[in-house]
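Going in written order, the chains are labelled A, B, C, D, E and F, and every chain counts its residues from 1.
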Amino acid sequence: MSAPKTALVLSAHAADFVWRCGGAIALHAEMGYEVTVACMSFGERGESARLWKEGKTLDEVKAIRRAEAEAAAEALGVHRLECFDLGDYPLELDRDDKGRLVDLIRQVQPAFMLSHSKYDPYNTDHMYMTQVALECRMIAQAWGHNPGETVLGAPQLYLFEPHQTEQMGWKPDTFLDITPVWEKKRAAMEAMNGQVHLWDYYTRVAQQRANHFKRNSGGMSGGRDCKYAEGFESVFPRTVDAL
Amino acid sequence: MSAPKTALVLSAHAADFVWRCGGAIALHAEMGYEVTVACMSFGERGESARLWKEGKTLDEVKAIRRAEAEAAAEALGVHRLECFDLGDYPLELDRDDKGRLVDLIRQVQPAFMLSHSKYDPYNTDHMYMTQVALECRMIAQAWGHNPGETVLGAPQLYLFEPHQTEQMGWKPDTFLDITPVWEKKRAAMEAMNGQVHLWDYYTRVAQQRANHFKRNSGGMSGGRDCKYAEGFESVFPRTVDAL
Amino acid sequence: MSAPKTALVLSAHAADFVWRCGGAIALHAEMGYEVTVACMSFGERGESARLWKEGKTLDEVKAIRRAEAEAAAEALGVHRLECFDLGDYPLELDRDDKGRLVDLIRQVQPAFMLSHSKYDPYNTDHMYMTQVALECRMIAQAWGHNPGETVLGAPQLYLFEPHQTEQMGWKPDTFLDITPVWEKKRAAMEAMNGQVHLWDYYTRVAQQRANHFKRNSGGMSGGRDCKYAEGFESVFPRTVDAL
Amino acid sequence: MSAPKTALVLSAHAADFVWRCGGAIALHAEMGYEVTVACMSFGERGESARLWKEGKTLDEVKAIRRAEAEAAAEALGVHRLECFDLGDYPLELDRDDKGRLVDLIRQVQPAFMLSHSKYDPYNTDHMYMTQVALECRMIAQAWGHNPGETVLGAPQLYLFEPHQTEQMGWKPDTFLDITPVWEKKRAAMEAMNGQVHLWDYYTRVAQQRANHFKRNSGGMSGGRDCKYAEGFESVFPRTVDAL
Amino acid sequence: MSAPKTALVLSAHAADFVWRCGGAIALHAEMGYEVTVACMSFGERGESARLWKEGKTLDEVKAIRRAEAEAAAEALGVHRLECFDLGDYPLELDRDDKGRLVDLIRQVQPAFMLSHSKYDPYNTDHMYMTQVALECRMIAQAWGHNPGETVLGAPQLYLFEPHQTEQMGWKPDTFLDITPVWEKKRAAMEAMNGQVHLWDYYTRVAQQRANHFKRNSGGMSGGRDCKYAEGFESVFPRTVDAL
Amino acid sequence: MSAPKTALVLSAHAADFVWRCGGAIALHAEMGYEVTVACMSFGERGESARLWKEGKTLDEVKAIRRAEAEAAAEALGVHRLECFDLGDYPLELDRDDKGRLVDLIRQVQPAFMLSHSKYDPYNTDHMYMTQVALECRMIAQAWGHNPGETVLGAPQLYLFEPHQTEQMGWKPDTFLDITPVWEKKRAAMEAMNGQVHLWDYYTRVAQQRANHFKRNSGGMSGGRDCKYAEGFESVFPRTVDAL
């Protein structure tokens, strides 16, 4: 019996993986992929405004965010949730932190990876995460890094959808139909109690992307119906046997 | 029995389809696609220097170039070669010419289309062809254009490799392994007697792209071997059920 | 008493002005602007699929689309709706047509203009419209074009929101709060009976842009509430007395 | 009585705020804004060639540059000049330095911020400053950073004019008429004794930008006269109630 | 005795060659180049506001503009001034006009060509001129265009400086020291009586470019003095025997 | 007797200077330039797969790679090979390392510098090297950095050819004919025993660039023959006395 396929999500803050690629996670989990989600931080300082307004302490905020992330991960069928707990606003990885991330990448040996947009003037943690993703992907490919370990191949890095896409210069080249797992994504979003205002926002995002899926799969003549979709930008070229 | 799949190549000059996507044509022909190639011109004025140096007349040049294109098309397994004979340097399509091209697109109902890069300061015929490809694709999708005909869906438009790629801002996102049909592409190239200097040039292109195929399919760890490849840039996003 | 301020919308097809800047039109009409909308075509061939499926003739399609546009214009408080009736898919303006558009621009003397995105591989009529808008704006500024007429100043050209913004390279730099006139925009959209599927799509667009309005006006700290908004990209720099 | 409006300038080296946005500072100061200028360094190593040629020591260079900056700030009506004294060529901010900058941003609560261009291959301190400006703006917005402090809203970040604009990919979208305060800007520039060669250079810049102001405010028909102007590029979209 | 070197300037309107590359013309003329200037129009409608305000007729405007262009050409040492008289705002070349331009290019056999920026939203004649320049350069290279004539090699196309460079996306990669011929350029500018406001504007442009020349030739350490310069953007790569 | 001209290559890994600019090095060495090559690392971890597969230790790998680099340098006529030995995958320079690089730049006083492309998602060491090159070039120009030393002028920074050029956004603007020194470059490549698969790859690169050299020097009419060439992208504008 061959090993299951795997995928790896690199998320700067605990909730990013839910809004931005929760559908992709759930869909591939249903297909038998083991999906690992690595959250560099809990988004405790920068993405937990409601909790701070309620007077929570840092430890409380982190515990609540961790619990929410775990609940969301469970809803999506995540195989493994790895919380690096490195802090946010700003997120910073030193050489050891990067080494830990490289170790994870090698353990997972992902068929594809997912992370943030290349540019984000609103949230520098996001673009930093992608920069680190590229750096660690490179290190994981090096035969001389921890010689003897299995080196990484050349997995695609998909950039998931940022907020305010046009300001980030993010251009999706791949639309994924997530209709079959929509209820799971919605459930995962609803696990993020501190960001209620985003539940409907990202539901609408999924509906708009479904329209784009339909248009690009044939439009008024042959377009496949689709109720919810997610968009992704590929960093690397694909290698194919047919166009 | 269902109809065979189809593809459509839009080539500004008679030989472009050979150098730039001959492998894709031969490969899909072998897979059972009916591939139609539409040459807007024979490249008679601008891409037949050797013949003019030999003192041929315009009619002779066109006849020779047509014969070469037919031989190349046969070598590649082209289903239908349509020569629009519109002249080159410059290539110009009036409204009727575009109508004729729209008719062809609708007849073929291609699963995907192939044409030139978006920008080409060396050869304005090339970028004009792509502009026309987009315009005619749009017209072919219009329910009110020749009502009653089957309208076009939303086929991908792949931009094949231009000469001096970096000057054209062309960035391949798809590498196609053409090793199985390499001999056919080489034979088709050798049918173009007026451009002998390009035979080896485009053989090397295919070898370099094979290196890129290998790197992007896994590199030093799992990269698939590949001897010859072609690169393409997609204009539109893909719609998929798995990443 | 000074003359009222004016604005001019250049719309390739009859319905574009509704989806893409209906809010801006209604809002400025309420502020006392006289807003002129110039539709180059009725979108009769390319954007009336439902009518063609019902077996309507070209004249019927055009009449229905005209009536819809008029109803939408009335709902929005449009001062003047000018239908050029030049045909679509493709839209083409000859020198006389451009002259007619220049005449209109000079009559209106708009404080600002609105048109399509600069690039649109799905719909070449859209990008052609913007190219013509720039050309005719330039001609309208020429002292030697119909000497004696009042020449045009330097109105801003705002590019309204295209479908699939990221594919068009469209980046909004201005978000306009259209909450006060939302009901008018929705009513105008509902006047477009042939494109029912777009009513909810563009309602969601307005809701998403409202979120962006809120974020960019202060976000979690001071962001102004907004229920519906529209986004625009400016072609020209602004001239100001304060930042 | 409400608090006065505020603005914040982030300047990599002591003199940058003078050449690049001295007019904007003086103009807003006259309008009642309290403008804070934060200089990360004195430009002591990299922008004080004349002083080093005269054989000054590092301390002397810094003292002279500080005195010049103070004189310029006074000429412009700067409310507060904050010298971080972090060194230049290269400028580097560690986590504490960034914390200090975040503190300043929160104290000032600027209506808008000003900093360098995004890219500068001649002067990496400049682009680093802007990167830090975005990072610290983000941190200042985080409810969990020093909980209890007033968090930052979403002030615009204007990028002021770099030297050799085209090489930096800097594109101004806003021209500000600084004619009323020109004498103040000139006086501030003349306070920078070590860079005499730039006085006339930036006077000409202001004259050229005035020409652009005139063109974009109406040109040959209605363009407003303007003798001196400054240009700025906005990082974030504007939120407006009228176009 | 070998034939003198040649250069060719393609100018949309009569005065463009003066402001934008008058120095390059005069300098190369002094070096023995035969410089041909081809003006597609006199700029009679769009760039002669003062004359129209004075009530001149079209014929008068054209005659005056022609005389000014001739005077400027003489001041610069232009070898041949070719006025195509095709009209402006908009400028349009039909197939015959292009043929005439191709003939000229072949006659001149320029070592290099000069024309406008690739993009100009303020003045579509300018970008159209460059598009035509590329098209006609291509036709002139075709062995099958008027067989028997000497075909064109591969001359560089330099794009001279537009107004408001940043708005045009124009990026100079070459600065030319025109100090030795400055008086000639100033004299040529002063021949353009209808655009007095541009004399000082383009004098300042030359002074700023001289500063850039100095910086890029060594700056504070070895930069060559230069009082006046012009900037150019190259379309094509250079071929060299040393870096 | 004047001092010989100099050039400086900044190479992230030991072999980069061979594949990417070995021809330029050999050519300028033959012309009398003293060419210094600075290798930040030996590429020991990331670019020595074969050696690790053979079970070599880190010290062995570094020793072998050093020997190969020295052999290649000798074959090319390198004046001085400076191995910084800073490690790779990732390459990191702290402030002292940068100081050491600045010292070298000042010692060499290069007429021009060579380094990697600005962007490289496959290999972040490469783009980091170029970022450091720009930073250190700036520091070397500062009169206040180690006052008394001879400061750097404004040498061009050429970016040599990366692997998969289109993915890096690298656009060559300069093609250098390296035919006269081809045998030396081939010999240097063959000194890199661990990367045999690249010998033919970069031979083909040189042949393709020779084709581009020929096209851009005149093509079918006057193009100069060339068997091997290298391409470079310039970061800074040139300053010239003739176009």
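Rule of thumb we're sticking to: a residue touches a chain if its C-beta (ideal position, glycine included) is under 8 Å from a C-beta of that chain, and two chains touch if they have at least 3 such contacts.
Protein identities per chain, from UniProt: A, B, C, D, E, F = PIG-L deacetylase family protein.
Just so it is clear, the model here is predicted, and its values are computed rather than measured.
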Subunit A and subunit F share contacts with B, D
Greatest centre-to-centre gap (Cα means) from subunit C is with chain F
Overlaying subunit A on subunit D by their Cα positions calls for a rotation, in degrees to the nearest 5, of 120
Of all chains, the one whose CA centroid lies most distant from that of subunit B is D
A-F, D-E or B-F checked against B-C; over half of contact pairs coincide for A-F
Cα centre of subunit D to Cα centre of subunit F, whole Å, reads 37
Taking each chain's centre as the mean of its CA atoms, subunit C sits from subunit F at a distance in Å of 52
For subunit B, residue numbers touching 2 or more other chains are 49, 122, 141, 143, 167, 172, 212, 215, 220, 236-237
Contacting chain pairs, sorted by label, are A-B, A-C, A-D, A-F, B-C, B-E, B-F, C-D, C-E, D-E, D-F, E-F
Listed in rising order, the residues of subunit E that touch subunit F in the complex are 7, 24, 27-28, 31, 112, 141, 143, 150-154, 156, 158, 172-177, 212-213, 215-224, 226, 231-232, 234, 236-243
As the complex stands, subunit F meets subunit D at residues 95, 98, 131, 134-135, 138-139, 141-145, 147, 157, 235-237
Note: in the complex, subunit A contacts subunit C through residues 49, 122, 163-167, 169-172, 201, 204-205, 207-208, 211-212, 215, 220
In their shared complex, subunit E is touched by residues of subunit B numbered 44-46, 48-49, 52-53, 58, 61, 88-90, 92, 121-125, 167
